[in-house]
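First chain A sits with chain B, and in the next complex the same chain sits with chain C.
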Partner chain A sequence: MSVQTVVRLPEKYRPVVDHELCLRCKKCVRACSYEVLEFKDDRIRPKPGCVACLRCVYECPAQCITVKEMEPQFAHHAVFDPVLRRSIIAQSNSGGVLLSSCGANVEYMDIFSHLLLDAAQVTNPSIDPLREPVETRTYLGRRPGKVTVTDDGRIDLQSSSTPLVVMDMPIMIGHISLGSISYNAQAALFQAASELNIVAGTGEGGLHADFYKHSKNLCAEVASGRFGVTSHYLKEVSSVEIKIGQGAKPGHGGHLPGEKVQELVSQTRMIPLGTDALSPYPHHDIYSIEDLQQLISVLKESTEYQVPVGVKIAAVHNVGAIASGIVRAGADFITVDGLRGGTGSAPRVIRDHAGMPIEIAISAVDQRLQEEGLRDKVTLCASGSIRSAADMIKCIALGADVVGVCTAAMIAMGCTVCQQCHRGMCTWGIATQRQDLVGRLQTPVAAQRVVNLFRAWNEELKEMLGAMGIDSVESLVGNRDRLRYIGPNPRIAEILGVKHSGEGWG
Partner chain B sequence: MASKKHNEVVIDVDERNELGHPLDYRELNEKIRGCISSGMEKVILKGVTGQRYIASAMDDPDVKIDIHGTPGNDLGAFLNGGTIEVFGNAQDVTGNTMNDGRIIVHGNSWDITGLAARGGTILIRGNSGYRVGIHMKEFNGSGPRLVIGGSVHDYLGEYMAGGTIAILGIGMEEDVSPVGLSVGTGMHGGRIFVRGAVEEHQLGTAAHVLPLTDEDWEELQSMIEEFEHAFGLKPSRCRDDYVKVGPLDSRPFRGHYDKTNI
Partner chain C sequence: MLQGNDGPVPASWMASDFDAYPQQGRSYVVDIPHRHKYRMGSCGIAGCINTDGSMISGSKIEKMITTMGERENGLGAGFVCYGLFPDYADEYCLQVLYESDQSRAGLEEYLSDRAYIIKDEKVKTVAVPTMKPPFPLVWRYFIRPKTNTESFWRKGLDEEDYMVHMVMQINQADNGAFCVSSGKNMAVFKGSGYAKEIAQFYDIGRYKGNMWLSHSRFPTNSPGWWAGSHPISILDWSICHNGEITSYGVNKKLVEMAGYKCSLLTDSEVITYLWDLLVRRHGLPIPAASFAMAPWYYKDIDRLDEQLRQLALQLRITYKEAFLNGPFSILVGRSEPNVTMIALADRKKLRPLVMGVSEDGNSVFAASEECAIKAVQKDAETWAPKAGNPVVVRLGEGIVRRGTEAPFQGVRL
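Now for the complex of A and B:
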């Protein structure tokens, strides 16, 4: 005889309808894929399960829905906060590993907010970027280490052994696979990357035939599952990245549930329909730096040295030493993905508790590579919750050449960070494969919004560079003297190699 | 220097340069690609001494590469077509992420043979190492085929999502299993045929001994035939000698996760 063990959790959010204003059009009912809203007895009525995705609010023509965050129903307790209690109850119900999405949802040291930028006054004039050129062009790939000047006095970019990818701004759209997001969403990101002349990551799901037209603005990901990875694909794109880890789930593999592996995803990943797409936790041909060197080499050999090959790692405690090994293994660029980075699905315990913030990680890698004389050989990309131009600028000053951005681009497309991606029912048509939902995302509109966002960030970058009296973003890379720390823990400043606010130059 | 005969060319890989070094893999692969693009149908490599990545990403279905000596790791990685035949042993990761084509080894191959292959055929006359056939997958009704004449170590077919592996146990005592422990750990597709016994304790999570169907036997016979043809050996043709290992579920970790909105 089975015993009823499931205990209901208190609601987190509830849609509230102003019935006076309601037109009874039922658009909200259709909008909500979580089936929270129903029309009964001439009224829209909510059921439990609202996730505050705000799609109903967006669709309501009468603007008569608001989504209310419910007061925690639990008795106050300073140690067993409501989130902990909810987790314990849920796991006592299911016995399962709690899954979530998006980045870490705990207040782990947002160090960006404790950093202040410098500006020019009197002794170093600022630059007006609207009237004077401020260069934001950025190169991805192995650096020659030293500059070679040709006979006619020009800088020889070809002295690097692999080609460099030119980007108009120091922003990459991070790797988000087809499968974790929809066809329309990926199409929009790729189109935006083409238009902005930057690079977007393909994620580990291979490349859909329709997207080859964007290939010169794409970076192909080779993850442990090797989904959709063929030499033809790798030769087409601008760059290739071996994914060792992801900031949101360091040490964890990937798990695309079978219900998302429909025709489109199956074709692109080159896997059977309806099976779970499991990415092994490690690459089983990589158990050491020497093994990594082999995979880098075989990828270069298979692409005939036409594309730079990089390596992406999650920011973990020993990140500096690992990055050093990666450069020595022949990587042309390294992406370090911080603790707060996004994901379409990750165990909460890893998402919220493993790794380190990108501010510390990128600075540690930059310093370590400098100490070892390796920094000028590679392009360093930092990702993991770069939320604004300010974060980007600070990240560059801490040592990154390029920043990788995902969540902000998703928000530009409509995402409200409701953290339900792993359920595959995204009401905005982003993290879903359900055709009725995918159709809600209009690719050209979403693409244009991403273009607008990054153009704006790049303009803000120029404004800030100008204010600092710097005329090229390259001169900001690792320029810690333009940063000061203002947070609660000066030890962090020490580790970052940044002075405290109030300390002058020299 | 390369010597030519009709559509065939020999490359002496052990030929030394002024520093006394043999060809390195990059030079070697460049030469191979050069030969293929100039219309050679057979490229014979003599004196191979561990050069890695040989013939990676080769495309042409009509080209054959003969290797004398010992090729290094990642032989035929990302292979799209053509045949590679090794008259000796191969090392680790033979046929890494192979798409199509054939790799035939007249000796042993070591660890992770056939990693993540999604098509093509790999035939190994002797034994192979750990994690053989790991994460092979099939797609559009066709999958990779991997036949090992002798035995393999642990983690055979781990994470397997498709394709077929046959372990023939040639030359082994009948009561000795030709596979190690953790066979098919986490497998969610494909099938593994083993000549001889696979005990319960040898099976990994999600792998099960399943009945060998007529369809299975047909496929296995055609793999054995290919093997016989390649090496002139005669593995057992008795259906009762073989055990099939496969998954019960294409989604082995369903129920492991809890999606509650915390």
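Now for the complex of A and C:
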């Protein structure tokens, strides 16, 4: 007979209702999919389990709810902080691996905040993007390295042409699968990508029939589960990406619980209703770099060399050498996903403790590819917590041609980063398949908000480029001269190839 | 044409006296100043070419560049002359700045292992009282690389790339020697000082050639470093550059990937290597190479006819690291296949560039300011080339492009 081991954890958040103002409309009770609020004895009363998703705050017509972060209930201890003690208690309760979602939730890994950008003064003129053009058009794909000139001095356009995807800004919406997010959420992201003329990732679940209209702005993901991958699908999209790993959980595959595999997801992924969609940790046909080369070739053959084929890897310690192998294996673009990258579900231990921040990873890859004379052959995409235009600009200066953004786009749609995606009960209708919740997300509104966000970032990019006296974004890619380090550890600056603040040109 | 090298050398200029100069700290005559890693500047540029093959005296270019005195602050100037050594036209001419006699001995040993030294001579220099010592010893070598040695074939390079490699090696080493030019039938004369002083130092009036380019500097951050002055040269390429490259870090990546070593650490250096890479090594026609360095905006490219649009896009995307962002105007010289002057301004034309041609059409001039042209050719008809549009003038052919044509005129597909 099993022993009852579950011990109640202290509350982290609690909705506090101002009963004077409360209209007793009970909208908040219906809003909370976590069933934290109930109406009892003529009052809205909270129960334990609030995750601070803030849906009740948003819905309350009287604006009488605030969510309060509770004081840690634990006695002070400098080493066993409350987070650790909560984890230990939770694991002793269940005996399981702790799951979480969104990106790493640890403070020590942000390097972007330790980097400063340059601006032009006197010796070169800065440019006002409202008066003069500043270009942000970006191409994704392989580059030939040189334009072919025949022996008799003619330029041969055919032999050096490669398939490329054009984007109006150096931003890609990362891969978020249908399954991890709802139909409405994915529809909004794809619609935004079409409107902005950028590329959005499909995630690994295939492509729903309704979304083929956006296919020229989509990058198809081929992950280890191969869910929903057909040759028709691959030929429709603008680019194909083999997903080897993801920054939030390097070395792991995707995990979509059976509860989320309902009619819609089942059809798109081509799997039976209600089955767990578990993609293997490695691709079981890729145990080495030569195997990857074969898969790249197979995908290029199946798409008749009409679309670029890329590879996405998580930022791990040897990322530079791995990336160089991938270029040699024939990849047209590489996505490097940093440690702080988001996820719909990952073991907390790997989310918070494995990999490398994107700042270091993209810099290492850029420098390694340069050393090997490969950097002018391939497009580099960097993702993993690009939170603002400033992060994007710094990331480009560290070597990225394109940045991948997910979490910020989620936030634009309503996400509050409460880190409960893995539970499938998202009150905002984003990371859920429950029909009653999905309907809360209005696709046109969400799409427009994502469009607004990236238009704003692109304007900020132009403003910063102009201030630096640069009138086209490609002249910032890997231009470390325009960055300086101001953080506590100069060794990081050395590894990034960036000078310390205060060091001039000379 | 060299007019002999027979002038008396002042006693204080004897090579053995070099080490006797008071050395306060490091002198930075020749080797890279260690604390100074990068220099920027704005400058004056001037050039003239006689397309009928007649000779131009150095005093003419001196007049041009010194007319624009406003554009310099005494921290560097230089000249390059093409068609200078008709008697040794097939030999590479190395012009080297030395810190001491010892460094000369060292480099000569290095050179004789790798090349036949056909002729060598001391370059005449004249003491200029207003200039700040110390001064380098300047030597000239006419060499032919030894292509039958093991060291040659093991590098797997052709003769020209081998020369580039040698110059890179010489200039990378902390050896008190700096090779300022290495092309055929041309030589660079440059140093730290006002253009007037540098002209006096080399007695520039004693040289005659088919084409001259020159440069005077107004650097914003600079030690007195002779080798870092313009023109910057590799093989028969030489560049006089007015501007500041805001994409330097990107351009440097491309040339380093192609094997060039940035030892001068000025943004102008990468421009020299880019021309060598794109035109000599990749074989691009000059208008195509210019387009890669100063490309059209995408919105304008999209308006081109389909085939030209494809060409423009392919150049822009393939050579995006060759795109020179920021303000510049440059004069580019080359002696092969024929003495050629190229003048190019950035795609916004944020730095000045004026062209001029004499009434008989035989003399063509380029300068930052019109006054420099009018000072030597009153009757010159002047015009302004368009932003990002190259002017090409070639010995025997005259004005090939005026810098006002369609972008790919003359490029064959």
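Here, the second predicted complex is superposed on the first by the 486 of 506 C-alpha atoms of A that agree within 3 Å, B and C clash if a C-alpha of one lies under 4 Å from a C-alpha of the other, contacts with A are read in each partner's own complex, and residues count from 1 in each chain.
The rule is short, and it goes like this: a contact is a pair of C-beta atoms (placed from the backbone, for glycine too) under 8 Å apart; a residue touches a chain by one contact, two chains touch by 3 or more.
Fair warning: this is a prediction, and the values are worked out from it, not measured in the lab.
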For A:4, using the defined touch cut-off, is the partner it touches chain B, chain C, both, or neither? Pick first, second, both or neither. neither
Considering only touches as defined above, state whether A:122 meets chain B (first), chain C (second), both or neither. second
Where does A:100 make contact in the superposed view: on chain B (first), on chain C (second), on both, or on neither? first
A:51 in the overlay: touching chain B, chain C, both, or neither? Say first, second, both or neither. first
If we overlay the two complexes on their shared chain A, which of chain B and chain C does A:468 touch? Say first, second, both or neither. second
Figure out whether A:318 sits in contact with chain B (first) or chain C (second), or with both, or with neither. neither
Both chain B and chain C touch chain A at residues none
In the complex formed with chain B, which residues of chain A make contact? 9, 12, 49, 51, 83, 86-87, 90-91, 93-100, 224-226, 229-232, 234, 255, 257-258, 266, 270-272, 274-278, 280, 284-285, 294, 297-298, 301-304, 347-348, 419-420, 422-423
Hey, which residues of chain C end up touching chain A in the complex? 35-42, 220-222, 243-244, 246-250, 253-254, 256-258, 282-285, 288, 297-299, 307, 310-311, 314-315, 317-321, 323, 325-327, 347-348, 350, 411-413
Quick one: in the complex, what on chain B touches chain A? 25-26, 29, 33, 52-53, 56-57, 59, 73-74, 77-78, 80, 92-93, 96-97, 99, 112, 115-116, 118, 131, 134-135, 137-139, 158-159, 161-162, 186, 188-189, 250-262
Which chain A residues qualify as touching chain C in the complex? 120, 122-125, 132-133, 135, 137, 139, 143-147, 149, 153-155, 157, 160-161, 164, 370, 373, 375-376, 468-472, 474-482, 504-506
